[in-house]
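Paired with chain B in one complex and with chain C in the other, chain A is shared by the two complexes that follow.
Presenting the complex of A and B:
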């Protein structure tokens, strides 16, 4: 048997399917877990069990939560009338890390793609439209990727909400970035969006 | 003018291992059929973005039967190092100056134009080949043209899927058509600029090759140029497109019309030799237009000499030499390159037991 007892082989097989992992790194990780049984393996197993039992999507925004509403949706201070639309929870986390946005979110869980059979209903866009009146929103900020699918989704949402102020994040030179390292598309976008100093 | 000073091939098609030094002169490559001449210039073509001059896949490039990974490395006279390679089953990777880089970055290191025998039927066969020819010329002037084409194609594939699935969500169509229109307008504008640049370069040059009058034509006359016009075209065509299950009209249907200016004869009606002369004329015009505001491009001319009489051949060599371009020419016999004299470095390619070898003389 190549990977030890059957249970270990099964664990390696599961770990190898995780993003960023392969069979080799999964074997290393599992060996490490087994060696550090009390410090790492058992606490990890407990943490995974807890997450598995309690974590679910927030009914309002799609963020990860341990109750019906996530902490952001449950916090009345964040009802600012501004909503930020992101493709994934990872994008929501990135926005939160910046501490620059005080409003609430809407997580689409993907992007419009006819080729991948992801349509407006799969993304919960009708729910987003309903939130506009329910929560008396005044502005929707689209923080979507600058890809074809991202831009299609952005246009779709803007079209679906003609009465609302729909804005999108700017594209251009990153903070601390040097022009020499930018691609031509980013430089032209930055030039178009230039601002008075 | 940047040129290749060394080319190293490893397990690429018929080449097991070779290191070839160049000195900036024209490179005249001769050898029997199947010796590996085209493989050599195909390797050079992979130092530009895309699938190379035979539109091959990373897997086809691997030397058989070993089917190990392959690698092409080049050093430019500036000292810059370009490298492209693929492991078995993986897509091709690019390194510039030893650092991993996206394929498109190659376009800013080396500009390259090629003419291969499969293009001989360009004026006779379908519009797709002519569109690709024009778009390649446009990319040689403006590398961003490639992004516009990719964006247009991707949005159109999405729209075609909606049409095929009979989806009737107007917002979704508008979102995709908006992107198709924006990219399509950029494509059409880039094509129009390319046609003017090629025509101007033809008219300004003293050349032994015939000038072609070029124009962009379209099967359905419509408001083609502007973003707004395209948006309307797609919106109005939705019902008809849905019946067909695909996008019937747009910049992806445009065609390049070429007329032999002096005789006022469409290129498709010209003789085979005349068509070849027109193609050479366009490639030279493209190279001249590029050389006018930057370094001369690398030219890869596969089996070009064979179709020309001695006078035209001599004229071609003179014109390439005057451009100052590093050109790689292939032909079956060394006599095809006699007119080049001292202006060329000569390489003979031979094949032994399925392996190509280069001999300098």
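Presenting the complex of A and C:
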């Protein structure tokens, strides 16, 4: 960067690669960071380092964790028997914010996609099928996006578990919509009105 | 955060305080960081630490620097005699991107504002007046926003330097517009068509 220290140019370049950021917003953010050195910049650097060193996927569900099990899987008060399947950790968080579900989760880490060559093995669907037996599950609730890939994935899971009650969030999820955009009330309503796939 | 490790909640809270970010975009950014641990998260933490430890204001102009003088002030090829006065470092960078100005800068760090109780001393205008004598300046170009506060500041500086040729970016800067939003061509045209205040 011709107009400032290279440390600043490097930081702007990295910030600009965050989702929702571009070169201009990255420049603004970095100038803000420099002005708020002790209040924001240094705490943010420390918080990123701490996350980088301690956060990893929960071995049971795929949520983010700092030990083998995430707080949800480690919580004995969470209901067993019913599992909520989500595409991504952001969707798990959206479900949790709605406070409408008291059980445990299974994070697929994506959706089936012929275009992106993502098949059942990439999503760990065999692992999900194994959990059904191991944990004596009685119901799987699919909280997947109302997209083509989401519906393909839902049908694949329902077909893979013919003896199980596989339901899906139904009423309230807009066509083409993503869970993380929904308000808590919509998610609660969709959960109550879940229907068999 | 009930639905994940507290390290994640803390990082989201800090990210959400950046300009242009909110809770939702901060969550998305943090999930992206966790997924790109070695490519983005750890380099970003390091880059922030490096900026926090090494970047400070240039003692001469107020631009960001890693030594006493910024690269512009330290560059013997930059023209002396003419100084460009900007409100903020972001505006200095916008001027530099236009490549239309070959001299040095003076960063005010804001604009005169009765509402925010920002007076000439808060902006270091006495220091600017001192530079005029010390550096034997012949012209000061004001590259300030075309806002009420920007015009107030421009007139104050022109009045404080009655013997000096004080000009201002004129043609091309939209009313109410901020420099950092302009394209390079507009900035170049405004510089060429500068007029006495």
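In this text, the second predicted complex is superposed on the first by the 167 of 197 C-alpha atoms of A that agree within 3 Å, B and C clash if a C-alpha of one lies under 4 Å from a C-alpha of the other, contacts with A are read in each partner's own complex, and residues count from 1 in each chain.
Throughout what follows, a contact is a pair of C-beta atoms (placed from the backbone, for glycine too) under 8 Å apart; a residue touches a chain by one contact, two chains touch by 3 or more.
Just so it is clear, the model here is predicted, and its values are computed rather than measured.
**Student:** Output check: A:184 vs chain B and chain C. Expected answer is one of first, second, both, neither. What do you get?
**Tutor:** So A:184 only meets chain B here.
**Student:** Under the stated touch criterion, which partner chain does A:152 make contact with: chain B (first), chain C (second), both, or neither?
**Tutor:** Touch partner of A:152: chain B, not chain C.
**Student:** Of the two partner chains, chain B (first) and chain C (second), which one does A:34 touch, if any: first, second, both, or neither?
**Tutor:** A:34: touches chain C, not chain B.
**Student:** Comparing chain B against chain C, which has contacts with more of the residues in chain A?
**Tutor:** Between chain B and chain C, the winner on chain A residue contacts is C.
**Student:** Just to be sure I read the superposition right, which of the two partners does A:47 touch: chain B = first, chain C = second, or both, or neither?
**Tutor:** second
**Student:** Scan A:160 for contacts with chain B and chain C and give back first, second, both or neither.
**Tutor:** A:160 contacts chain B only, not chain C.
**Student:** State which residues of chain A lie in both footprints, the one left by chain B and the one left by chain C.
**Tutor:** Dual-contact residues (chain A): none.
**Student:** Help me check something: in the complex, which residues belonging to chain B touch chain A?
**Tutor:** 104, 143-144, 147, 151, 154-155, 157-159, 161-162, 165, 167, 169, 171-172, 174-176, 178-179
**Student:** Please output the residues of chain C touching chain A within their complex, sorted ascending.
**Tutor:** Contact set of chain C toward chain A: 2-5, 7-8, 10-11, 14-15, 17-21, 24-25, 27-34, 37, 40-52, 54-55, 63-66, 70-72, 88-90, 92-93, 96-97, 180.
**Student:** Could you please specify the touching residues of chain A with respect to chain B in the complex?
**Tutor:** Answer in residue numbers: 112-115, 119-120, 148-149, 151-156, 159-160, 183-185, 188.
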